[in-house]
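Two complexes are shown next, each including subunit A; its partner changes from subunit B in the first to subunit C in the second.
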Partner chain A sequence: MTRGLGGGLFAFSYALLFFLFLFGPLIIMVITAFNSSAFPRVVPWECFTTDWFGVLVRNERLMSGLWTSLAIGVAVVAIAVPFGLAGALALADIGPRLRAGLYAVLITPILIPGVVLGISTIVFWSFVGRGVGASYDTVFYNGFFLTLLGQVAFIASYAMLVLNARLQRFDPTLTEAALDLGATPGQAFRRILLPFMKPALGSAAFITFLASFENYNTTVFTILSGNTFTTALASKVRLGTDPSLSALAVIIIAVTLIGAMVSEAHTRRQELLRSGKAGQSRFYANPLSRLLTHPGAVLVLLLGVTGFIAWSASRVDANVCRAAILQEKQQLQERLMQEQRNRIQQQAPAQPATPSPSNNPSPFGGAFNPNSLAPPVQPAPPAAPPPSNNPSPFGGAFNPNSLAPKQ
Partner chain B sequence: MAALRQLWSTIADRHGLGVAVFIGVAVLFWVLVLIVLPQLAMFDVSLRHNLPRPEIGGPADVYTLKNYSYFLFGNGALNTLDIGVLVKTLIAAVIVTLLDIVICYPIAFILAHSATGVAARMMVIGLIVPFWINDILRAFAFRILFGATGVINGIGQALGLWSSPIDFIRADVALYAGLAYTYTLLMVFSIYNAVETLDRNQIEAARDMGASWWRVHWRVVLPVAKPGIASGATMVFMLTAGALAAPQILGGPSNLWFTQIIYQWFNDAGDWQRGSAYATILLVVCLAFVFLMMRVFKVSIGAIGR
Partner chain C sequence: MNTRDVVLEHVSIRFGNYRAVENAHLSIRGGEFFSFLGPSGCGKTTLLRCISGFVQPSEGRVLIGGKDMRNVGPNKRPTALIFQNLALFPLLSVAENIAFPLEVRGVGRKERRKRADELLEMIALPGTGDKKVHELSGGQRQRVAIARALAAEPDILLLDEPLSALDLKLRQHMRTELRAIQQRVGLTFIYITHDQGEALTMSDQVAVMNAGVVEQVGDPQTIYNRPKTPFVASFVGETNAIPGAVMNQQGALVTLDTALGPLTGQSAGGRDYQAGERCTLFVRPEQLALADAPPATNAIAARRVNEEFEGSIRTLFLNANGVDLRLYRMNADASGPALAADGTASIWFRPEHATVLPADPSRSG
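Moving on, here comes the complex of A and B:
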């Protein structure tokens, strides 16, 4: 441990704080997914419910966007990974003088703002489309095709970085040995280099898929009037929020955590097997624990536990609790109205003015007003279903002035 | 040209003709068709008038600097609104970048030199998991956190720190926190990659000779971390300046990000030409800023992504 340099107590507490910062927002979001309140929040806690998962699944725009996103993701992987590999190979064999230049060119797409990439892609292809006299229903005005090209432009750079890191550890004498032993260059490539690159190809495919799936900045332009999962999500968040998005986060986090644990189990198993100490390890002495530490078994176990939790949670009926809350609210409202009526009656002789709601400053300052976040006009909402539930119980209804002035 | 021919024969000899053709076609297509030509097309369009479709290519379709002069002068005097938004975006991006450097440097150092074995692996997983969650959902989480009835306001009011809800969203606190949060992973791994190469004996030696801990960091660790910090800072700065989702979701109602103006010209006003001009301005200004900073701090572009 390095003395007084981030070792010991300071390092521990700093790391703790840091991970609190990383996970705090996610934990809060997870909690809100199970609160029956129509606005995502932790307090006041109303009822435990899993209804928001149902609301999420019934959102057709999100679900159709999901399929589009998956299709685009697969296509992007299929193009970006080979492009990245080509870039990495070119970098490996290029002379030192040109290398820096090529590296700069291949890395730039990561630095170009996604918005710029999206715009330049649609402008360029509509330019090409006009050049060949294509009509609007051709590939040049197709959101799927444009999104694919716009995303590949920069996602291939991610693949290139991952593959380049692995390629730098490749020993070129291996290829030369194969050539000396009579293999054709193509054979050497397929039998020596590609197998060496396999793990990196896997992680590159994974990263490119994720990057494609969650990309917003480029896609929001290139998808034109269509929707991917992320753009549908974004327009939903901007129009008004409800806890079904938290429910989505719960699903993603659960999948991520299960994936991370299974991959951890896999790594440890590989290490154990490679180190040759498998025989001495207590996990391998016992056939049961040997089976249980297998990544497949870990996956099955985790899925089972998650499934059981989901099943038992879905059996909790929130209706009774929700009715009670509703009743409570109605009573409160009645009491408030009664008080107000009394006050008006008292004031009536002296001051006939009724309290107008517009004088009432909203406690939310209009921050939750859906209109205040969205730009004035939505980009061609294709049969957009009106936001089914009010984002906030107050919904800015108290505050007609809060439609923020747009410049 | 000779260098290119040499490259071609090297690849063809080593990997075969098929692979060489594949590399050549893929890299050319990627660089030319996906990167360079679209930027040129965007620049070309930004120099044109916003004409109805039948008139495009006709006699009225001439080059103009109108869209750029609109950015500078608006409809009359200086266009303080748009220029102000651009400057504000850049300043905010710098603030977020600095914030990330400050937050991530200790973690990267701990990860590289203090944490071991299981703890280090758990830290890496802990860093990656939040990064897998969608950008939009991350911003959404910060809206829940910083809303008027959010957790922060709830805790603050319960502890009696402040009495009425503070509007963190209007004050842009939520936006800065959300942006800094989004890009921590990039910064941590960039700095980590650099700091990891530091020989721990150097730290020990400095300590033995009586250097205080901050002096060790300043004189021994920071010089090694510099390329990593530069690489991370470049990426965080560019991504923050080009962010669209987080400002749309977390930005205050009267507060625009420059990308939002581009978005409005493009999608709401349907003025591709002006949108392209603004996008070009964003690209040029951001790249110029990054290259200036690289010059000032004496790092090369080759350090990025390492």
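Moving on, here comes the complex of A and C:
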């Protein structure tokens, strides 16, 4: 097949591009998390540092949002999974003619845009709240509860889909057999159906938690004045980004990787044990190496390795390096200013320098600086740096002063 | 009244407009091995599910031990059903499967295990308690299902084609086994099958079903030798059907005018026929015999079409004036009357070995 596509080289470059596309941004993000530069970037590389993790953890808004998100996520799992299970069971038990209709109803929340769900949730519950004459400190106006309701409204459908897929493979005669042998419906449910659904319940819990945790569209409305992790993150990005977000990405990637590896270890071990091939493997013969194949042992091992790396990385003191960089920068600036001064003195020794807010690092060239709109009445301080120092990407073209007629 | 009796009183079961069971009216005595025999789709499973409580009768009622079972759930009935697919719990071990009825009753773990081991001993599978169900062979699973049902200590064991998934040898072995278990435990067995061999070998009583209707109930000999309807005659065992019209009747013996000449058989259930009525005469292949000299009654001149050797017997496929006939010949009788060299033969049967039934099935009852 690779030959048909033009040989190994083509396939190789294609695969390379593909993986670059997939993982390139992640790799760059991970690197920027350890660069001391105040803006997330790989070059110029300044100093290796783990300080951004500290900056991340000290961000109150983000951290309190994180706890809110976790709490909402757990609550959503606790509600959406049983709801999803109920939906899936209803679908399995209902007659074939009603099934299509019920399925459509259960699936609609996924198709409705999250924004609509968010807005309608607050509108509806404030309507109900007003109807019962509730005051603003009741649940009807509580961001946590509204977010819970708004998210459960559609996340329960995800859970339903996951559980429904598994339930379709359930043989309903097993439940009948249990009843026939004297079990109550509750016993048959707990002893026969639930164990069968366990893997799907696990996936459903995982998926609903993630869906809740990463949800923005609905949450941004329903959380009202509060904050979840995503809304805090979004408002932080709006105000300008710094490498602490990369640090966050590193943490998320690490958690995901560890989780995936532990889960893989779990499935492989189950498969080996079930197929009975474990007996043939030397790895399973020795009790110590056998213990190592346990997913718990894998988790402990991975956590240990990660912890060790984190610990040793945190011991690298970036201060010396950073001081050197700072000094270097100051020297550069000094030199540039000197050159500038020389140039100005040569060009227009008599003309007073324009009062430029050139120190403003804003990408808008200080257009929003209220002072910049004031007429330049005062005489400029003699040592004011010239506009060329303005780091604006637009070269100060939008600097209102640059449009002012030269006196 | 015996607690193990089952009575069906005019039971009809409908799914929408579809009539799955029509007016089943019969009683099953406690301790009996009772079979429902019928082709696939005739409503056997539905009837069994009605007895075990998963389906409610649309009309009539089910009595177990004299008690009306309406509004008694499957888990409250003294029945245990062995499902067509066995429905063993795949996530539980063999012992847990067998002890499940005890577990839901709150019997302690030790006691459960002890009872499971006893039952495993009984079904000749000792030491397999810790295996998973999928590690067992088909026949072993079959026996585990029986043990699990027996652990529930039912009065009535219902079996839905339990042997259909097994290969021939195992099936024959399990027939004997089932019958032995039934006689040992003394429960009422209600057994469903589409295999007439199973029904005839194991049962005390057989009910033959066709399209939701119970056509005949009787012991295996009666069902086989004295079918009451054309369906029973042709479904149970091999038979030759010879159509004709009634010429005359003398007591239980009816003579038909057929394409093969006048033939006499026994009227089913001593029924009276009118002259000229369209009827069918049924005679079993083993009741047909080659004749040395042309016999006095029921002589048929036939020509050999084909012949099959089946071990102990040989089947002769014959044709007599357009009617196909089948004749079984014991190979041990090879020295008896034989076919003529040109393949023609004179065959006959005793009138009391043939059954005359009305051709119109609606008039059979």
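One rule holds for everything that comes next: the second predicted complex is superposed on the first by the 328 of 407 C-alpha atoms of A that agree within 3 Å, B and C clash if a C-alpha of one lies under 4 Å from a C-alpha of the other, contacts with A are read in each partner's own complex, and residues count from 1 in each chain.
As a convention for this text, a contact is a pair of C-beta atoms (placed from the backbone, for glycine too) under 8 Å apart; a residue touches a chain by one contact, two chains touch by 3 or more.
Predicted model only: the values in this text are computed from it and were never measured.
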item: First (subunit B), second (subunit C), both or neither touched by A:T184; value: both
item: Which of subunit B and subunit C A:F209 touches, first, second, both or neither; value: neither
item: First, second, both or neither for A:F34, with subunit B first and subunit C second; value: neither
item: Touching partner for A:F140 - first (subunit B), second (subunit C), both, neither; value: neither
item: Greater subunit A contact set [subunit C / subunit B]; value: B
item: A:A90 touches, of subunit B and subunit C: first, second, both or neither?; value: first
item: First, second, both or neither for A:F53, with subunit B first and subunit C second; value: neither
item: Contacts of A:T173 with subunit B and subunit C, given as first, second, both or neither; value: second
item: Shared subunit A surface residues [contacts with subunit B and with subunit C]; value: 179, 184-185, 187
item: Subunit B-touching residues of subunit A, taken from the complex the two chains share; value: 1-7, 11, 14-15, 18-19, 21-26, 28-29, 32, 39-43, 82-83, 86-87, 89-90, 93-95, 97-98, 100, 103-117, 119-121, 123-125, 127, 130, 149, 152-153, 156-157, 161, 172, 175, 179, 184-189, 193, 210, 213-214, 216-217, 220-221, 230, 233-234, 237-238, 241, 245-246, 248-249, 252-253, 256-257, 260, 264, 363-369, 372-377, 379, 402, 404-405, 407
item: Parts of subunit C lying in touch with subunit A, wherever the complex brings them together; value: 52-54, 73-75, 79-81, 83, 85, 87-91, 100-101, 103-105, 148-149, 151-152
item: Residues of subunit A touching subunit C in the complex; value: 171, 173-174, 176-185, 187, 191-192, 195-196
item: Subunit B - residues contacting subunit A, complex; value: 3-4, 6-7, 10-19, 22-23, 26-27, 29-31, 34-35, 37-42, 44-45, 56-57, 81, 103, 106-107, 109-110, 113-115, 121, 123, 125-130, 132-145, 147-151, 154, 164-165, 167, 169-170, 181, 184, 200, 203-204, 207, 213, 216-217, 234-235, 238-239, 241-245, 248-249, 251-254, 256, 259-260, 262-264, 266-268, 272, 275-276, 279-280, 282-283, 286-287, 290, 300-302, 304-305
